[in-house]
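Same chain, two partners: chain A is paired with chain B first, then with chain C.
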Partner chain A sequence: MALRTPSGPPGPPRRRSASGTRLWTWLMLPGTLWMTGFLIASLILVATLALGTTDPLGNPRFGLNFDNITALADPAYRIVLLRSLVFALIACAVCLVVAYPVAYAIALHGGRFKHLLIAAIVVPFFANYLVRMYGWSVVLSDDGPVLKVLRAVGLADGHTRILQSGVGVIAGLVYGFIVFMIIPLYAALERMDLSLIEAGRDLYGGPLRTFFFVTLPATRQGAAAGAVLVFLPAMGDFVSAQLMGGPDQIMIGNLIQDKFFQGQNWPLGSALTMLMMAVLFVGMLGYLRRTRKDEAEAAR
Partner chain B sequence: MTLRPLHRRHRRGTDRRPRLALAVTAVFFVLLYLPIGVVVLFSFNAQKSLTVFKGLSLRWYTAFFHDNVLIESLGMSLRISLVAMAGSVLLGVALALGLVRCRTRLGSLAGLIMLVPLITPEIVTGVAAMLLFKGMGITLSSGTVMLAEITFSISYVTVILRSRIAALNPEVEEAAMDLGATRWQALRLVTLPALLPSILASAVLVFALVFDDFVLAYFTTGVDPQPLSVRIYSAIRFGVQPTINAVGTLMLAGSIGLIALALAIPRLFGRRGGLDLLSGK
Partner chain C sequence: MSPEETPPPSRRAVLRSGLAAGLGLGLAGCGFLPEDRNAFGDPDRPIDVKPDGDLVYFNWADFVAPAVFDGFEKEYGVKVIQSNFDSMEGMAAKLNAGNRYDIIFPTAKWAQRLTQGRRLRRIDHSRLKNSGAVFDHYQYFADPWYDRRSAHTVPFTMYKTGIGWRKDRIGDDLAGSWDDLWNDRARRQVFVLDDRDEVLGMAALKLGLNLDTTDARDLARITDTLKDLRPRLRGFSSDSYNNLLNGNAAMTQAWSGDMAAMLGQAKDPSVLGFEVAREGAPINSDCYAIPANARHPGTAMLFIDYMLRPENVRKNVTYIGYPMPVHGSEDVYAALVRPFPHCLVSPDDLKADLFFRNASPKGEQARDTAWTHVKAG
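And then the complex of A and B:
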């Protein structure tokens, strides 16, 4: 969504005047100061508290020690972090595999219902996240409709469960965030020059070959943007693991929540938050390098 | 591979229906609406069961409207959404105007800061906001939820408005100034009226997003009437009462109505492409 247009399209050259620049700066100032004061300051606070300690009563104390950072090396935390990464990445992959045909069918074969169909996908996703997730957990429950259908066609037996398992948590993440994959893919497919597909056909490429050698590469940027947009909230999610998973499926978001609410160890919670941010930062860097490479190739 | 006669390529680009893609799309739509359908259906269930439907009844809606705690929470959520909407639209529209027009170094820095909430998971912003309030010695309350929600929503308003402002023809504003308007008058009498549909749409969108928001509210709420979504969270964690189905249905109806309204506003003003709003372009 906003990720790909960091500074807006360059407009036509404008008359500049000192009075204009002054007015625009004044307009910009309140919002920027507000966000700096609340958001940037608070993020710095989290980073600082990650180096703090707690007193015997559990109150946070600022300081400069690395106990929390070294505590993160504990295998217990490493397993949770690794699990979160794996869950989020699998959720990304499932979103891509499901969202691509959906976006493709709507963008290229939706006809005049195109806008209506996309709206029918987007609108429910802005409905309350918790209510949707709760409904999803009922649908996936042991005597819910999904397992009933799977049992009827012989893909599941009486003991198969979706809830209380990793599959359940991933299903939750996919249901929660798949819209973020569909929108950029749909935009990319709609923007795509359809004569490329015709050219592929004219050169005697079958439908599959045309898809893999023409359509897919042309929409790679949309897929990459979607992957980032799904990965970010999926890594930070804690509701899915709570509703769909069991004690063996907790994610890093659940750990953070626990340290701030039940465990009352805010410095350690801050350190975990920073760890999550670091992982996401690496992911973002990878995405940015990828798109820059693509742009360089496109410019050549 | 067979040679296809040229005259069969009558449809734009593709000439056969991708059956697999259509099948996946059909299943996707069923699974997308099934959970919502389940919540709505069981909100009208005459029995307490969440799996067996035994006749229509409005008893869970009656139960909701007689539950003072939930009604207080509903009122609180509405108040929070209104305040966050007003605050973030005011700050966000001004910020968007400045960002598009101001090509200084400060402008690009402000543009970067504005993007931070969009690339940070909500749990991080939630934790950070809570630490900030506690660090400043502020007791968590509905007021702190409002402050946090404003901060988060400014970005949405700015992203939506920025693309609209960039799409405006700057010459209209300049013509107004050539005709004697001051820059401020040109902004107030020419630019802002042209932006009105987008401003209204972003306001509705922010209202809905804040009303539904759970993570930020969860970390910054106090014990005075908690926002409705925080109540729902506690309810679905510790055994569901069917009342939650009724609350959920009402919230679904409310936010779906609001989002549909936000999408429709640009069209009501005679402009195409209501979906631009959601893709931020």
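And then the complex of A and C:
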């Protein structure tokens, strides 16, 4: 491993000797180590492997080989990447529409049950995502309980399907990640100064106008944070498309997973990962610029 | 311990050195550099067949009857420490990371790769009391393609690939051909396995091509055939057993062992069918193997011998639903799969030799690209 022991014992602090500064520096250590090991190192590993090759045993080997990068030009990847982008964006929008009223009701009308209600939303997410999705795939199957009931009451016929459709996959994504939208929205609504709403009403704003011109702008940052938290994992997800989707719903995560497993082509999988991250990064830039602007406004 | 502990107490410096350490760690990339021939221990050392510690066992989940484990632990006074893999690739990744197991169960293709990579200990069959039941009766395994003279492996289970279907949904008169997947009655209710080799191989057999061709023209024809099937598919899934039982599939490409196991789970097995195609059924087998870096190869040898005892073979065959090439277990398996006679794997099936083999890295890549096109549409 590349960790080296520093030469010599720690000397006395040279400049800023305030013990407070030192304490904070030490407190940064765990976070830094974490990011070093699990973010930077892994990222560099993936980036380097993208230029690697595969030996006859299927093991990835470092190298300087640009075949994997040129292979990304294959239109198949473009189609699937675009589809993933669209699915993730739709999932994000649906999450926002569903999560907002939930967060609003809990934050503003939850009263003393607030924390209980939030717990009720979070606790199911302690169970593994894969297991929950697998459960859904059984419940929603053609001979499963949901469709049986719908057929019995005449809301579905023999040809109605829930699984293996775009709706199924997006529903899976929404279900899987909606909690990441509810929590930041709840936090934003909870923090909001309620007298702002009263002020809106005092200025003759109706309930709707007050909501759109006061409440919504005041919680914009929470919504943006939630959108990012939902969009990023939804874009890379493969479980939903695997269990709820058919041949026309395959997402980029499924292809990447295929490269690492069946394809035994870690380098191409790494290259695909880098491509996906590049796309996500472009999307993130917009978010970062927006939040910076918001911060600047807040500082004024 | 790490560069972060150097004194200058500036936060920026801490972050910067974190970045540097990350670079170092990433590039060190434990294990993706070429290695020497016997990095995992000399595979040719003879094994002393006696209990030399607890058995570290690595297999698919639920692939040995629990009673058989109990019997082994009691008889030899050792523990079986179990861990499971969910794919061959996952198994290989664990081995490559240096994890040490005493017994593993690679498929034929992986047995060949591991043998060529000098990762498997040589197994002297004369030290196994029960090996005759395998090698004297199943000529094929005396010298299989994946391991010369079975010098590093003992076969474990076998299976074929065919078509499972719901008779109550599409009737029981199928044509016994891969063309059945194109049957109009099953349109949009057909699944194929989420498995590159099986799907490309199915189309190859239908077209009369080599099972695991890497030829560009062949692969183009295969891709076209599968793109023709695609609009009729409901999905790619290897969960054939559940797809048939919960009604998502009227028909699915399926492994014989899964179909045998499904017989035991179905409320009414008479609505289910399983056939193999006359154009050919891919066949596969997996085997017992002892990694070159195993800590307790002696216990592993005893375990293989114990598993080959007729009474244990019968217990396992009944438990997992896959036939084993062990003389004396055939009647038990035939009784188990009486409604699905196509689940049986005969010496003739083995002789047809429709195994998926390893291709060159270039060939594997060509097949992989074809699979991406089939899947992405």
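The rule is short, and it goes like this: the second predicted complex is superposed on the first by the 229 of 300 C-alpha atoms of A that agree within 3 Å, B and C clash if a C-alpha of one lies under 4 Å from a C-alpha of the other, contacts with A are read in each partner's own complex, and residues count from 1 in each chain.
To be clear about the criterion, a residue touches a chain if its C-beta (ideal position, glycine included) is under 8 Å from a C-beta of that chain, and two chains touch if they have at least 3 such contacts.
The model shown is predicted, which means the values in this text are computed figures rather than measured ones.
Contact with neither chain B nor chain C is seen for A:R191 once the two complexes are overlaid on the shared chain.
When the two complexes are overlaid on their common chain A, residue A:P247 makes contact with chain C while staying clear of chain B.
After overlaying the two complexes on the shared chain, residue contacts for A:V102 are found with chain B alone; chain C is out of touch.
By the touch criterion defined above, A:M284 reaches chain B but does not reach chain C.
Shared-chain residue A:K293: touches no atom of chain B or chain C. Looking at the shared chain after the overlay, A:L163 reaches chain C, while chain B stays out of its contact range. The partner that reaches more residues of chain A, of the two candidates chain B and chain C, is B.
After overlaying the two complexes on the shared chain, residue contacts for A:A127 are found with chain B alone; chain C is out of touch.
Contacts of A:I183 after superposition on the shared chain: chain B is touched, whereas chain C is not. In the superposition on chain A, A:R220 makes contact with neither chain B nor chain C. 1-3, 5-6, 11-12, 14, 16, 21, 24-25, 28-29, 32, 35-36, 39-43, 45, 49, 138, 141, 143-144, 242, 260 are the residues of chain A that lie in the contact sets of both chain B and chain C, per the superposition on chain A.
On the chain B side of its complex with chain A, the touching residues are 1, 3-4, 9, 12-18, 20-22, 24-25, 28-29, 31-39, 42, 50-51, 91-92, 94-95, 97-104, 106-125, 127-132, 135, 147-148, 150-151, 154-155, 158-159, 162-163, 166, 170, 174, 183-184, 187, 208-209, 212, 214, 219, 229, 232-233, 236-237, 240, 244, 248, 251-252, 255-256, 259-260, 263, 274-275, 278-281. The touching residues of chain C, when paired with chain A in their complex, are 1-11, 14-15, 18-19, 21-30, 32-34, 87, 89-90, 92, 96, 113-114, 116-117, 119, 194-196, 230, 233-237, 242, 246-248, 358, 360-361, 364-365, 368-369, 371-373, 375-377. Looking at the complex, you find that chain A touches chain C at residues 1-6, 10-14, 16, 21-22, 24-25, 28-29, 32-33, 35-37, 39-45, 48-49, 52-62, 71, 74, 76-77, 79-80, 138, 141-144, 163-164, 242, 245-248, 250, 254-255, 258-265, 268.
Every residue of chain A that touches chain B in the complex is listed here, in rising order: 1-3, 5-9, 11-12, 14-16, 19-21, 23-32, 34-36, 38-43, 45-46, 49, 98, 101-102, 104-106, 108-109, 115, 118-124, 126-136, 138-139, 141, 143-146, 175, 183-184, 187, 194-195, 197-198, 201, 204, 206-207, 232-233, 235-239, 242-243, 253, 256-257, 260, 266, 269-270, 273, 276-277, 280, 284.
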